[in-house]
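For reference, chains read A, B, C and D in written order, and residue numbers begin at 1 within each chain.
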Amino acid sequence: MENNILRIEHLTMQFGGVVAVNDLSMEINRGEIVALIGPNGAGKTTAFNCVTGVYEPTNGQILFCGRQIARSSPTGKMRKMYAGNDASAFVGDSVRLSPDHVTKLGIARTFQNIRLFSGMTVFDNVLTAKHLRRKSNFLVSTLHLNYAEEKRMREETWELLKAVHLLDVADEMATSLPYGKQRLLEIARALATKPTLLLLDEPAAGMNPQETEELSAFIRQIKDEFQLSIFIIEHHMNLVMDISDRIYVIDFGRLIASGVPAEIQNNPAVIEAYLGGEDQ
Amino acid sequence: MKQFVSDRKSRTPAILSFAVIALFYVLVFIAEQHLPSTSMLFTVLKKGATYALVAVSMNLLNGFTGIFSLGQAGFMLIGAYTYAIFTIPLDQRAAVYQYFQGGAVQFSVPVPVALIFAGLAAAFFAFLIGLPVLRLKSDYLAIATLGFAEIIRAIFQWNQLGPITNGSNMLRMFPNFNDFNIRNDAGEVTVYLSTTIPFVISGVCIALIVLLIHSGYGRAFKAIRDDEIAAEAMGINLAHHKQLAFSISSFFAGVGGAMLAMYQTTVQAKSFTSAMTYEILLIVVIGGVGSVTGSVFSSFLFVACSEWWLRFLDEKQMIGTFEVPLLRNGFRLVVFSVIIMIVVLFFRRGIMGTKELPDLFRRKTKEGIK
Amino acid sequence: MWSTVFPYLLSGISVGGQYALIAIGYTMVYGILRLINFAHGDVFMVSGIIMVYLCASGIPLYICIPLVLVLTAFIGFLIERAAYKPLRSAPRMSVMISAIGVSYTLQNLVLYITGGLNQIYPTIPWISNSVTILGATTKMVTVITPFLTIFLVFVLVFLINRTKIGMAMRAVSKDFETSQLMGIKINSVISITFVIGSFLAGVGSILYFTNYTTVIQTSGAMPGLKAFVAAVFGGIGSIPGAVVGAFIIGIMENIIKGLDVILFKAGLIAKPLGLATFSDAFTFALLIIILIVKPTGLFGEKTTDKV
Amino acid sequence: MKKILSVLLVLALMIPCFAMADDLPVVKIGVFEPASGDSGAGGKQETLGMQYANQETPTVVIGDTEYKVELVYADNGSSTDKAPSAAQQLVSQQVSVALGSYGSGVSIAGSSYFKEANIPVIGVTCTNPQVTLNNTHYFRICFLDPFQGTVLANYAFKELGAKTAYCLAELGNDYDVGLSTYFQQEFEKLGGTVISDFFPTGNSDFTSYLTNAAMFNADVFFCPVSIAYSTQILQQAASQNVTFPILGGDTLDSNVVANAAKGANIKVVITTFYQEGANPTFDAGFKAWLNSNAEAMTNNGGNDMISAVSAMGYDAYYTALEALKAAGSTDSAAVMAALPAVTLTGVSGAIQFDETGDAIRTSAYVKTINTETGDWEFVAEQTVE
């Protein structure tokens, strides 16, 4: 089977008149850490939401391990107001998998604005994310006849928490944790779904330099430990340059550059976009 | 120590709570044997047990899955009718279906079976209703379910369905709580069970709900309550799980309805109004949204106040020759609703908040250690 | 055929007008607080009770009527301050529950005061007189209701579009937090909303009870619920929507009551089916259909929640 | 703040119940009547009869000891879901016998609780046969719906010459539905046609139903509904200038209804148990009592017109006393055993129970409203053999 795990083709996402993502094409190979960077409002998170099935793309298709998880072309009102590039390519039967389905296939994500289960303990947050991998139906698990499975899941959860160094706070309420730990917990929760591709949306946001240091090490560690490919959105350039194998840069929804960190660092277009981005 | 992670807390509180509950059941049984069966206490206990089940089933939706449904009365109605229709003794049907030549259903099933039927019927309707309605957001969902309850009520009252539902007329003569008493040949009661059995029924149901809440599916429900988007991103199928919660909740609401029928000894569609749903909702709120224990407590408290403790407010009371002012028919309800408003406004977390029975002991034991 | 349908149409339009006046209260409050004010129907009922007692106390009508309206408006204001203001920061569900609590309280209070007996509503001269139009005899009020309603709606719309407070209202309903930052006095705006809503409910109650003449603690529940359905149907938050919805529901409901006759006369059915049973249920069926087909209602503008 | 409130809450719950002190031993008679809801007015008027009788004869000699008769009230709220707890209340206070209720539905709903505690109940004006059928504990001093339905049907068909009748009943009200069914059966037997319709509880817009009747060219509009609804129907009928007479059952026999029809251009005919003037001494005494007692006056709807239900309540009270005397004890079971044999000449006529526990009644009063004065006027005494 082909070696790219995620392939985005001519992805365009348009809200009313606003084109958030415009004709974005990119791919992620197995075992890679790929970063998507760009000024605020460049459409990075929108791209994530398209991949994870939160949004239905206006145009384009997304393949995961060679399987279509989204494919659509402008329809209805959109056909008139469509402002992206060629809409001809993907006419015909559209595909849209719901977020939970996408996760089941093996794509897990974290959120830019942390979305932990506020009413639960750290431990339960992670344990809950194991729900989708369970074998037993609801009658069996209601009557707690799936003792073995439950036990296994608890042990796995325990391992995960150990991996992210949150074991000591396992019984705290998730929302009572400091910011940095909450982000780690989100990652642990994502890992609990047994993904092959992990999407990290600004994992270092609100972390101090030292925590960021640890984070980059940590990301590498989990990548190897869980044989992941990682797709990351991040503003911390040091982190990005440090960990990513390849980088895509978008500005106003358009892809303006791609390549290995070294190339990106001294790409005039990128610098311009960023400086421009900063100025506005 | 691995497997003890997350329930590192000692198991004693749980055991203690079991002990307390068991003791309570024993007390109820003993009391029933020795106190006069006419005592208001038993009315309260019977109705309380019924309401407890319904309240908990509503809490499963509103408190644990975050679905704000106001359809409870409708599902209770379905349960009550199903139970009644299937249990009215054959020789009584002619009398009950007096305007419909004894009705269409010409068989009756044993009580336990009928109870399960009641639940299933309610769950089935819930499933159908859920398909379109559960896509709606918070208060739209609430009002839509409320609407469905009203529609169900109208359908059951429709004369054309008379042979089955007895039109808008009362269903009665079906086995009620008193038929659980064991009688000797002379017809005197030897063992009183008319209160214990309802306790057992609703006890079993509530236990099942608690088990569900603590199962993986229960966690999934809570996840949906806390953050739908995150839950979905963790691979939880919203539609499927909401549908599940809705149907299960309705199943138990249906059983509760059947119990209410047994308590009232007659069933009539027109009494299952939205007011009934509001009453149950208030019980849930007073007990604490998201606490099974709370719902159970407040059910008994609510019933006891409205049926028993505050009754005296409805009658003239004399202290010596002085007549206590204001006391007359209806005053009880005024006091009652004022109390409720105070709870809603100032004790928003209710009696228990989100605590459960074991937590109470847990705090105690902790203090003990210190 | 027409002569068959017309009388139902007539009473439909009149009851529709009365629903409309209640529905506006719902829709305005929802527009601003995103709250289903379950107590609104009971405010309507209480207004009726006040009228009964004022007249019984021998105060002449021309004083009673304005007094009732003022008092009703005041009650609306009071409820908001007592039951909703303290919960400004609380989750929406608990505010909604508080509303249910208020409705429960009002009903029980009236039950206590009236002793649970139906109160006969005072007959207001002229508008209680019978008139015959196109062969259908009815009360004057039936005829004037729709016109009065439309008139009041126009006044209201003017108020909202032309005056400063109206502008504030629109701002608040668009974006609560921002308008707060912009220095709009949220609380006074909300209070005024409740006052207007209750005032209209008061007018509605005068018209409604002049038609249906008995008031009891539960009189408010059904009209209230239906008015709310009307508001949702028309697109909650939109005043014209509420009015249109109310008229549609009022008419439909009465058509259903007469459906047996209409079908019978049209020779479509051999004998009456007792379809009148569904006169209430139909309203809710309508609600659910609209919610599923177009959740924002006929005139409601779309709201998107951010991921 | 919270502290204080919680204390208040506790207090509110803790207020003790004050007991009355008295020298004579007390025998309790339960009054199982609606004091609120749609039938509230009727229930109160029925209760008035009992209260009057009670203050007329406040004591009774049972065996050889004199007892003070205490009326214990329970409001069944005229709804079948409130009735059980009201019945429970009376049962828990161990009444020797209960009276009531106004409205058949609530009587049926409460029945089984009295049965379980074997306390006898004397139905006052609950006319649905189902109340006493296969019950050993439920008795009744009024006539039954099949009888009343027959009387009404005959009157409508023969006296009013009606060929088409429009029946309107409240959904799920056993009294309404029952009576209109029996009316329909008899009326159709006589060769008339009947259109029957139902309105949901709490409905207040009857214009459409009246229109229905008109559209079906009904010659008579039969609405045996509770006072709350009948008043509205009459007024809306008046405002629609309906041509057909309005026919009703015993529930309409109330001054509240009469007042509602006052000055309106409508014809109202009903059947009932008692007509003012049939027993002058009772009338005089009762009116005097009403006028001396403000609360009673308001409960009677503000004037001293005598409703048949009051007379029935009065008779029910004395029936209960007779039963207590006959039983020779306050034990409810004994009273139940004694009741079938009890006979009494009440103000509403002779009372004697048949084997099902129903009073043997063969005549009903037909009344109409004089819309000028707003009074009930005697038309005829109908007898069906």
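A few notes on this one:
One rule holds in what follows: a contact is a pair of C-beta atoms (placed from the backbone, for glycine too) under 8 Å apart; a residue touches a chain by one contact, two chains touch by 3 or more.
Note that this is a predicted model, so its numbers are computed, not measured.
Between chain A and chain D, the least number of touch steps comes to 2.
Among the remaining chains, the Cα-based centre furthest from that of chain D is the centre of A.
When every chain is represented by the mean of its C-alpha atoms, the one lying closest to the mean of all protein C-alpha atoms is B.
In terms of their C-alpha centroids, the spacing between chain B and chain C amounts to 32 Å.
The geometric centre of chain A is 43 Å away from that of chain B, both derived from CA atoms. Separating the CA-averaged centres of chain C and chain D is a span of 35 Å. Contact with two or more other chains is made by residues 154, 157, 159, 168, 229, 329-330 of chain B.
With touch defined as above, residues shared between interfaces to two or more other chains in chain D number as follows: 35-36, 75, 171, 198, 200.
Residue positions 111, 115-116, 221, 274, 277, 280, 307 of chain C each touch two or more of the other chains.
Residues of chain D that touch chain C in their complex: 35-38, 40-41, 44, 75, 77, 171, 195-200, 202-205, 207-209, 211-212, 215-216, 227-228, 231-232, 235-236, 238-241, 259-260.
Within the complex, the chain D residues that touch chain B are 1-2, 5-6, 8-9, 12-13, 15, 17-18, 20, 35-36, 73, 75, 79-81, 84-85, 88-89, 91-92, 94, 105, 108-109, 112-113, 116-117, 130, 133-134, 171-174, 177, 181, 198, 200-201. Here chain C touches chain B in the complex through residues 34, 36, 83, 86-87, 90, 92-94, 96-98, 100-105, 108-109, 111-112, 115-116, 221, 225, 228-229, 232, 273-274, 277-278, 280-281, 283-285, 287-288, 291-292, 295, 307, going by the rule given at the top. Those residues of chain A that touch chain B in the shared complex are 52, 54, 98-101, 103-104, 108-109, 111, 115-121, 123-124, 127-134, 136, 138, 141-144, 150-151, 153-155, 157-158, 161, 167, 170-171, 189-190, 192-193.
Per the touch definition, chain B reaches chain D in the complex via residues 37-40, 43, 47, 95, 98-99, 154, 157, 159, 167-170, 172, 176, 178, 263-266, 268-271, 305, 307, 309-312, 314-315, 317-319, 324, 329-330, 335, 339, 342-343, 346-347.
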